[in-house]
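Okay, got some structures for you below.
In the two assemblies presented below, chain A is common to both, partnered first by chain B and then by chain C.
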Partner chain A sequence: MTTPIPPRSLWMRAFAAAESDRVLALAGRLAIEHGATHRSAPRAGLALLRLRESVMLDTFYLGEIPVTTARVALLGRDGLHVEGGAVVMDDDVEFAAALAVLDGVLAHGLAGAAEARELLDEGLAQIERVANVRAAMLSRTKVDFSLMAEAGDDNRA
Partner chain B sequence: MSYVAVRGGAEAIAQSNRLLDALRALGGDSAAIEIDVIERQMPILHGRVLSEGGLYHPTLAALALKQSLGDPLEAAFMLRAYRSTQPRLATTPTHETNGMRLIRRISAAFKDIPGGQMLGPTPDYLQRLFRFDLIEEEPQTFRDIARGWLGNLPDAALPTSFPKVVDALRGEGLLPQAEPCDGEPFDITRAPLVFPVPRSASLATMARGETGGLLALAYSNMRGYGDVHPTVGELRVGYLPIKLPHPVTGELIEAGEVLMTECEIIAMYEDTGTSDKPVFTLGYGACFGHNEVKAIAMAILDRSMQAGLTHGPRNPSEDPEFVLLHVDGIESMGFCTHYKMPHYITFQSDLDRLRTTQSKHQAREKETTDAR
Partner chain C sequence: MTTALDVPAIYRPKHQQRLFRQLLDCMARPGSVADLAAWTGGAPAALAVLAALCDSEVSLADPQRLLTGGDWDFLECRQSPVAQARFIFVDGTTAPAADLEPALGALTTPEQGATIVIRVSGLGTTGQKVRLSGPGIAAQCELGLGTLHPGWLDQRAVWCRFFPLGVDLVVCDESRVAALPRTTRVTQMGMHR
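So, the complex of A and B:
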């Protein structure tokens, strides 16, 4: 029994975390299979990162980030076009276009959706591995305070 | 000797550029540094380039460090130059840092903060003694470090996002109440600083300011040319998820994440002499990468400039014009190093004036001597 598919808002991060060679290979094959065309040309550029600071709640620009967007049309089961899209913090338009194909295939249950789902799960597993490492960074360095009078000479963390 | 305007040097410049590149490879048989190695093994230096370049592009920041032979100012300059060639596609929605995926979180104000204090990776408690075994580190030994640390990883049951200390203090009425301001922030990449500037311009300028420049000015305040007397309310290092709209659905999705450092300092309270309740004052600092000195220095300067705006600047660190026009590493480095470029014409002019002045001086001396 497969687990329910996560919301589409998580797919981009998961696909981007999967092995990029496999993402490109699968998306390349599915793009041909579904007659993928660019709805608009993939674009690479920058975005200003707008942040709310936490003391006076003002907003400011922390800096810029690379952004690539892609939007593709795919031939659906009923002969109608469906769309897939991608926006990713990267400047590789080919990769963004590949993510858009996988997004469209998975969102509309086209042929190849199961393989896209496999890649999605791999990406999610990779995200979890990274999250485990980060959680360990915190848990292993959590400060266990004690009062000096109670601790005596034992300078515990 | 006469001084004249000259042209030429093209071949010398070309050879100098070749030499600079060759310097990486001369005098040894070591392999070229891989970009990935710079990013992973020099994360602090790498983060500094990310923030001072003002562009969160980890691969290009590492490449810039490699290309600049490890000069962080030159590397940041390359990132700035690159960004100026790229189209602006979007402005992100406003991001709040409550959702940062933390790897470090400490407070100097309270030992018991909600969620606890986690030291994460820090050199704070090192004794600054050399580890000579690192001079010749065997690949296997190196790999074992990571394996040893990763062994028996616990499940990610612990959260990596936590409530903020300042929010708790604000809830207790110890900090000024604040309403979210959603005005359009100042874009320092498109508009020059014409004073007075809004706080968003100050924060953006300092966020990509040079670490040493920020530190020097903040240090002047700490030493007595100012009176911020900060306490670090909270210092956080972690990954901020970046949300952008999906091109088809328009729904906000995570497009990536940026490693950043954030600091809130609590400064002395001010009794305004009005009916308003006295509360602590605050300063804020944040930057790309893991750079605690920069975040703390920025927070101190944010507070000192706010004080300067309230009372009028009483020292350099309270003067936004003084601070903001002197903390940019690319600008200050450019001004400094331009002095080594040929100034043959201007210096010839200086010489002419000196010789004229000397002649006049000599004539006056002669007149004085003749008069005796």
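So, the complex of A and C:
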């Protein structure tokens, strides 16, 4: 029994967490198989990260983040064109285009979607591993102040 | 990956820089004809010029609907009515439409006059021959404007009669480009065979 596919909003993060060589290899093959072409020029650069402060509700720029976008067209079933897209925090245009290909293949169930799904699951597992490590590190920094209260304050005695 | 998903040549940054440089040279030396074929990857020179000039910050009018939906996706500029457009793309083989009224700028902002990219064929070698003089030209020079309809030159004279207001023309055939900035004086000489 296969697990339900996670929401599309998580796909970019998951693909980006998978092994990049395998992502590029699979996307390269699928791009040829499905006659992939760019639908618009891929762009790489710095995007301003906007934030709204909570008092006056003014928007200000917190900083800059590297962002790359890609949008591709794939030849789908019945000769119809379908699209895939990617917006990633990276400066590698080829990698963003590869993610856009995988996004299109998986979203539209084209040939190769099962392999893309495998990579997606691997990426999600990698994200979970990292999250577990971080959670463990965080838990070691926790201090139980209630134990200090039970022990009493030695200085006061 | 790159072989399957090549970005069209005219939208690659290095090619656009080359195209822009060529266009600047043409603007600085009116009457000179630049061959863009080395950087267009087979795309029409007019589209290459638009790719070099346009981005999401500028507006483009295409009153004759010469551009495809895919072209607009790559150009990423705003579609605009002719009167408000910073760039206008037209076919020059027919006379300009009577209601074509491009922005001419104002005395305080003459740079807001439109740039008109005109598509013709046989640029530099055949067709309507003109004598040019003015800034960027040593004395005078001659240029063949291919299949450009003479009505465009008549209309240009009207648009540019109150210098510094006016329009700048960029004339393109399949692979070559020439510029007629508003500072250039143009005298029609007849047909060049």
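Going forward, the second predicted complex is superposed on the first by the 140 of 157 C-alpha atoms of A that agree within 3 Å, B and C clash if a C-alpha of one lies under 4 Å from a C-alpha of the other, contacts with A are read in each partner's own complex, and residues count from 1 in each chain.
Criterion: contacts are C-beta pairs under 8 Å (C-beta built on N, C-alpha and C of every residue); 3 or more make two chains touch, one makes a residue touch a chain.
Just so it is clear, the model here is predicted, and its values are computed rather than measured.
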Exercise. Does the chain A-based superposition show chain B and chain C clashing or fitting?
Worked result: fit
For this session: Would you check which partner chain A:R52 touches, where first means chain B only, second means chain C only, and both and neither mean what they say?
Result: first
Exercise. Any idea whether chain B or chain C touches more of chain A?
Worked result: B
For this session: Go through the superposed model and pick first if A:L24 touches only chain B, second if only chain C, both, or neither.
Result: second
Exercise. Which holds for A:A41: it touches chain B only (first), chain C only (second), both, or neither?
Worked result: second
Exercise. What angle, in steps of 10 degrees, lies at chain A between chain B and chain C when each chain is taken as its C-alpha centre?
Worked result: 80
For this session: Scan A:I32 for contacts with chain B and chain C and give back first, second, both or neither.
Result: second
Exercise. With the two structures laid over each other on chain A, which partner does A:R77 touch: chain B (first), chain C (second), both, or neither?
Worked result: neither
Exercise. First (chain B), second (chain C), both or neither: which does A:E94 touch?
Worked result: second
For this session: Please work out whether A:A131 is in contact with chain B alone, chain C alone, both, or neither, and reply first, second, both or neither.
Result: first
For this session: Could you tell me how near the closest CA atoms of chain B and chain C get once both structures are overlaid on the shared chain, in Å?
Result: 10
Problem set entry | On chain A, the residue positions that both chain B and chain C contact, one per complex | 71
For this session: Could you please specify the touching residues of chain A with respect to chain C in the complex?
Result: 24, 27-28, 31-32, 36-42, 71-72, 94, 97-98, 101
Seminar exercise, completed: Residue positions on chain A within touch of chain B in the complex are 8-13, 16, 43-67, 69-71, 83-91, 100, 103-104, 128, 131-139, 141-143, 145
Problem set entry | In the complex with chain A, residue positions of chain C that touch it | 1-8, 11, 70, 73-74, 76
Exercise. Okay, in this complex, where on chain B does chain A touch?
Worked result: 50-51, 54-57, 83, 86-98, 101-106, 111-112, 116-121, 150, 153-160, 164, 166-167, 175-176, 178-183, 185-189, 199-201, 203-204, 207-208, 239, 242, 244-249, 251-258, 260, 262, 264, 282-284, 286-288
